[in-house]
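Which chain is which? They are A, B, C, D, E and F, in the order written, and residues in each are numbered from 1.
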Amino acid sequence: MTKLVTAVIQPHRLDDVKSALEAAGVRGLTVSEASGYGRQRGHTEVYRGAEYTVDLVPKVKIDVLVADEDVAGVVEVVIRAAQTGKIGDGKVWVVPVEDVARVRTGEHGDDAL
Amino acid sequence: MTKLVTAVIQPHRLDDVKSALEAAGVRGLTVSEASGYGRQRGHTEVYRGAEYTVDLVPKVKIDVLVADEDVAGVVEVVIRAAQTGKIGDGKVWVVPVEDVARVRTGEHGDDAL
Amino acid sequence: MTKLVTAVIQPHRLDDVKSALEAAGVRGLTVSEASGYGRQRGHTEVYRGAEYTVDLVPKVKIDVLVADEDVAGVVEVVIRAAQTGKIGDGKVWVVPVEDVARVRTGEHGDDAL
Amino acid sequence: MDFTLDSGNTAWLLASASLVLLMTPGLAFFYGGMVRGKSVLNMMMMSFGAIGVVGIVYVLWGYSMSFGTDVGGIIGKPFEFFGLDGLTDEASILGWAGVPALVGVAFQATFAIITVALISGAIADRTKFSTWMVFAGIWVTLSYFPLAHMVWGGGFLSASPDGLSAKIFGTTDGVATVAPIDFAGGTVVHINAGIAALVLAILIGKRKGFAKEPMRPHNLPFVMLGAALLWFGWFGFNAGSAGAADGVAGLAWVNTTVATCAAMLGWLVAEKFRDGHATSLGAASGVVAGLVAITPAAGALNPVGSIILGVIAGVLCALAVGLKYKFGYDDSLDVVGVHLVGGVVGTVLIGFLATDDRGLFYGGDAKQLVIQVLIALSAIVFSGVITLVLGLVLKATMGWRVSEEAEVGGIDLAVHGETAYETLGIGSRVVTEVK
Amino acid sequence: MDFTLDSGNTAWLLASASLVLLMTPGLAFFYGGMVRGKSVLNMMMMSFGAIGVVGIVYVLWGYSMSFGTDVGGIIGKPFEFFGLDGLTDEASILGWAGVPALVGVAFQATFAIITVALISGAIADRTKFSTWMVFAGIWVTLSYFPLAHMVWGGGFLSASPDGLSAKIFGTTDGVATVAPIDFAGGTVVHINAGIAALVLAILIGKRKGFAKEPMRPHNLPFVMLGAALLWFGWFGFNAGSAGAADGVAGLAWVNTTVATCAAMLGWLVAEKFRDGHATSLGAASGVVAGLVAITPAAGALNPVGSIILGVIAGVLCALAVGLKYKFGYDDSLDVVGVHLVGGVVGTVLIGFLATDDRGLFYGGDAKQLVIQVLIALSAIVFSGVITLVLGLVLKATMGWRVSEEAEVGGIDLAVHGETAYETLGIGSRVVTEVK
Amino acid sequence: MDFTLDSGNTAWLLASASLVLLMTPGLAFFYGGMVRGKSVLNMMMMSFGAIGVVGIVYVLWGYSMSFGTDVGGIIGKPFEFFGLDGLTDEASILGWAGVPALVGVAFQATFAIITVALISGAIADRTKFSTWMVFAGIWVTLSYFPLAHMVWGGGFLSASPDGLSAKIFGTTDGVATVAPIDFAGGTVVHINAGIAALVLAILIGKRKGFAKEPMRPHNLPFVMLGAALLWFGWFGFNAGSAGAADGVAGLAWVNTTVATCAAMLGWLVAEKFRDGHATSLGAASGVVAGLVAITPAAGALNPVGSIILGVIAGVLCALAVGLKYKFGYDDSLDVVGVHLVGGVVGTVLIGFLATDDRGLFYGGDAKQLVIQVLIALSAIVFSGVITLVLGLVLKATMGWRVSEEAEVGGIDLAVHGETAYETLGIGSRVVTEVK
């Protein structure tokens, strides 16, 4: 069986996370742009006479399908590679997957990873 | 345990949804841009001699991790804050989550929210 | 009950996938831009004196909520419509959904699809 | 007046007219970059629309109203040169410099166009395009042509023996002893547009979300591009206003540049002190503030005086753009803070800094200063009243605002059926039929 | 001809040449904004490439072929001034105005460049860059230089006593009694490019997805920028074509502006009635349509006549851009609808609106109209045939189209190895090696 | 020298000054499009900031230092015309052409401005804005004004009887027998800026991620826009450097165009062979390389010679931009590869290609070549040393680099508090208070 590991991280950690996952044997992933809202917000700035609070901070979202047995390892790899120790580092979560297929071949299941 | 509540809403409701969730005790969320395809489409327009149908309408997607017991409440809060009563208001859905971690600290579970 | 079918496909297959899903009775979906990292990468190019490898390839991500009984059919429809047979065609996966709601009406469950 | 063609002066005026015409599209970018991504095209269309309407109106009756035979010190005979008919080189405003009448018309038309377009920045994101187009044609007729006539066409605010200054300080050799100075349009263009902007901003009301939602510029490089094209075009505006390719044009060119440099630096420093950052929006705005302020003064100051004027204008305008929050009017893109304030600063500082014994610092008396203040005030009152009446009439008839839904969803899509940018990956439309 | 330098006329022609050169990058933005995000650079490169090739060819043999000693009414001797060798100011086309020969060459070269670049809009998104570059060099030689010679170099379509008009209506004082009018290039530039565009669009075939997928402009502000730069440059084109800084230049300037204003408004109104929206694409296109139509007429009409011409051109071109759907040719960016139609409209309307007793409305006879129709037709036939033959030869040899994969995936990436914009957040490439 | 106003020459110089001023914002786009999306505004602000500082400095003491009474062959008296005080038309550098002194100042000021701005491309993405602004004011004073004086103001590198060439090859009629040729600024502008760029790039160090992360242009249409505005403005630069609207200006115009066309094609072909693609970045860079290389030579070659010079410059610069990877200095936007290399290529090729028996190919002797090499070397040494010392002093006092966090997170946000573009859909800020 397969799980979906989703990570929301700081954009400038993406390269390191990609490399770390590759080193850990992950062969594919999907990335998208996102904006995060959390404790990190609060920084205020003045611009042309009005004060603004930064509210949504740019983040990157990574989706990785992983075989059951690798999940814990992958989560740790992501955390280690993405961690800076500052507020706003992001979250990782795991969701069960009932089926996976590779579009090119139509294969299903772990073979499709 | 935790769930992932995902909402696809009209972009101009985002501010209200953020405020409503904050008022309901939600402390973090992740936002991304999306396009929706549903009943809303159908509006046609003529542009430089050709007729177009608007097909994909801009939406905003919100992902919120919530503790089990708060899920029903959060879903209702989102619906109330995002609702305009017009076609295209969007969808909310809930997915089970098997693990959550905070990248900054490496904490797992509800503490990571 | 409902499932969430997520597909990551080549952008230029989007129109065909939309049509195929519509033909198969799917009445709504949500689309977002993404970038894929997988076997497809490897293509190198020289630009102004430096060599680059293309790493992340533009993809489109489709989220479709479907009733349990239609899941297998929808997955097949997506695969058929998105397939070109070349590396990089993408992935489809299915995740269980515990609740769905339509924002406009507040309806829950399959009625909300 | 006898006319002998001077091809050099004519060449410079042809070039200048072309440069000034380019300023309005430049303004479209200056303004278009500053609005949010959903109202870029509408903002630009207000400038392009102003070109369309005013260009035609100017040729039909605008030139006559500005430079035709004086009627009561207020306007020229409107149909004297209708469609430029019967205009001979001898009768030309620039005939003294050997510049053919039509070249003079060309140059002047471009000033009328940009003046109208300037106003649009105050009413961004929410104004009916049809109302704007009607306003453009009527306002230029009722406010711009008369003011141009009063100041440059020998009317009430000129050195004419029947004018205001002659009435107060008397005449010498048949002209006012103290000639009011508006070299290239501090009153006619900037105060005129600036006060109209203020009146309309109040009349039309705030954008939904004003001072609540962030309304930051969606594309600052466009703002910089606009500022650059404005500066470039302004050489035609100011150095062209010498009416000839001569030393005065050279002086106006140099003064325009140094005042603008000084205003940019002044704005950046003011901003850095107050807000902590020297911004690109500040640089672009400082450029425009400097250009505005030096406009009336470009031929009357020396370069060091121009630097002083520039710094003052830059700092004051940087402070003035915050006033809209204090007083609660939504002058969306700071037309009041830059053009009204900058225009007044430039017009009044002439009273201190003008060389040839005219300004307080050089001549030692305040007559020039008094008359500068008076022409600034006259322009404010005249244009303010005309704009208010016209604005109210249009409010009652056509209405000024688009629906709230159109405003929130984006005026580009609602009014023009377009969005400025199509996202790259995902097409959002399908073709259903070709006509 | 005796030559005395007139620095004023020379200054204006130097400025005009510079202005016209700027038009081609302006066109790159007008076109580049109109294509989809995946073919922006290729579109722009077709303009820049045309500058590169034609700029050099013009200096080598283009000037000679256009303005060298007449050979059979069709071309000038190709190697007479090869590399501009032996060109003296006395021999210059603008020598009568005291403008040095090389300044005249500069001015004329820029016309050849933009004419070629105009064609590229019809074949967007799908054309091999190498074939385009070869086409540019040959087409300008076989179609542009001869037409320029025929119309402006004393050839078959000029007022020459051996020309078409002289053959039909006779001569007076050794020139054709009814001189064909093409002030700045209605036939030589716009009809020439427009018909070539039509031929190539048909020959090369439709884009994949034409009239099915949405192919809306990816960046409308760029389209506006392009229109603005074109307008600005067009003052050099039209007012520069007076050949001097004089009253004719002034007339051409004013006519250019009012016709363009009128065409913009005409297009917007037509569109608002038909489609429900006045669009920014319509405004930009209306601007270009007006500029095209007034080109041949700029020195021959009065301002009111120019307004009429402008409105007609704006409305007709707005309607004409829909024809490609009816007839099924993929003139991607409406070169035919704007340049061919606009060029013909302007050329023919001269027959009605020309002052000095020439047009039907002023002179009361149709001779001018007849000759205007004939030169328009001649240009269409001449250029059409040349383009067809050349297009077929290139099709058979180099081929015109990129692969379908390149077209779908984006010609920018496939042909130029680039994309116009790099997304901000996520880098899509990694550096693997530096050479 | 007696002064009689020539309005035609003055018109052309006024236009030229305006054109050259536009080049610096053009450069802001050329550079701003080339950086990553997070440092666009900072890049543009370096150009705008240079305009602000240098514009004022030039008027205060820059003109005097460049063209005031010679002091030791190195500079002019700095306070002779402080604030342009006491400058009379008779004393003007362009008085011989009937151009008023202030118009000459205007023209010259714009050269100083762009020279400073050019340097900024080498130190993109990482430089403190405050240090840059201080550098601009001091560097122009210590390096640019002296070099301008040496080459154009009658100093050591001019044809002056006390100059280098006179010392080596003797004098004829009181001037150097072999006059060094720098028509419009190959040494003063391009070599000067290019070597300063190299020194600073090394001194300031590489960007984090240089030659590892992709740092491709974020907006290539902006790069094209910049190249187009540069080219347009360069007509003022080169043809304006004739100092008059005459045949030399015409020759410079034509040479500028053909050399640029040839360099663009040369670059594209070199790139196609080496990398497999002819890119738009290559076209834009080739344009600039051609403009740079023809700058010193524009009045001294014939058009065919200019084509040859252009091709060579295009190919050599295309190869030279790769050197930074080989030698490991981060000349971010290739100022060295284009301006230093292009400037040297142009300056030296004059020694081969100059007509009038001067170049090796026409005159058959190498004297001109020798002197061209010497002035290029002198400029390199002079500017290199000055820049190094100044750069080190600033490093020790103000520091050159922003923090690594600011560099990684984006210098626009960190230093200017802005981002170039606001994303469309999702606002990332909320207004909390208005002041």
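Descriptive notes on the structure:
Just so we're on the same page, a residue touches a chain if its C-beta (ideal position, glycine included) is under 8 Å from a C-beta of that chain, and two chains touch if they have at least 3 such contacts.
The UniProt protein names, listed by chain, are A, B, C = Nitrogen regulatory protein P-II; D, E, F = Ammonium transporter.
Quick caveat, the model's predicted, so the values are computed rather than measured.
Legend: contact pairs of A-F compared by residue number with C-E, B-E or A-D; the interface matching in over half of them is C-E. For the pairs A-F and D-E, the larger set of C-beta contacts lies at D-E. If you average the Cα atoms of chain B and of chain D (Ammonium transporter), the two centres end up 46 Å apart.
Measuring from the averaged C-alpha position of chain C to that of chain F (Ammonium transporter) gives a distance of 52 Å. Chain D (Ammonium transporter) and chain F (Ammonium transporter) have Cα centroids separated by 33 Å. Touching two or more other chains at once are residues 15, 31-33, 35, 45-47, 49-50, 52, 55-56, 58, 95-96 of chain C. Contacts with at least two other chains are made by residues 6-9, 11-12, 15, 211, 213-214, 216, 219, 225, 245, 275-277, 279, 281, 322, 325, 417-418, 421, 426-431, 434-435 of chain E (Ammonium transporter).
Those residues of chain F (Ammonium transporter) whose C-beta lies close enough to touch chain A in the complex are 213, 408-409, 417-418, 426-435.
Note for the complex: chain E (Ammonium transporter) touches chain B at residues 211, 214, 216, 274-277, 279, 281-282, 321-322, 325. Residues of chain C touching chain F (Ammonium transporter) in their complex: 45-50, 52. If you check the complex, the residues on chain A that touch chain B are 3, 7-9, 32-39, 55-56, 59, 61, 71, 75, 78-79, 82-96. For chain F (Ammonium transporter) in complex with chain E (Ammonium transporter), the touching residues are 6-9, 11-12, 15, 19, 36-38, 211-214, 216-221, 224-225, 227-228, 231-232, 235-236, 239, 244-247, 249-251, 253-254, 257-258, 260-262, 264-265, 268, 275-281, 283-284, 287, 302-304, 307, 322, 325, 421.
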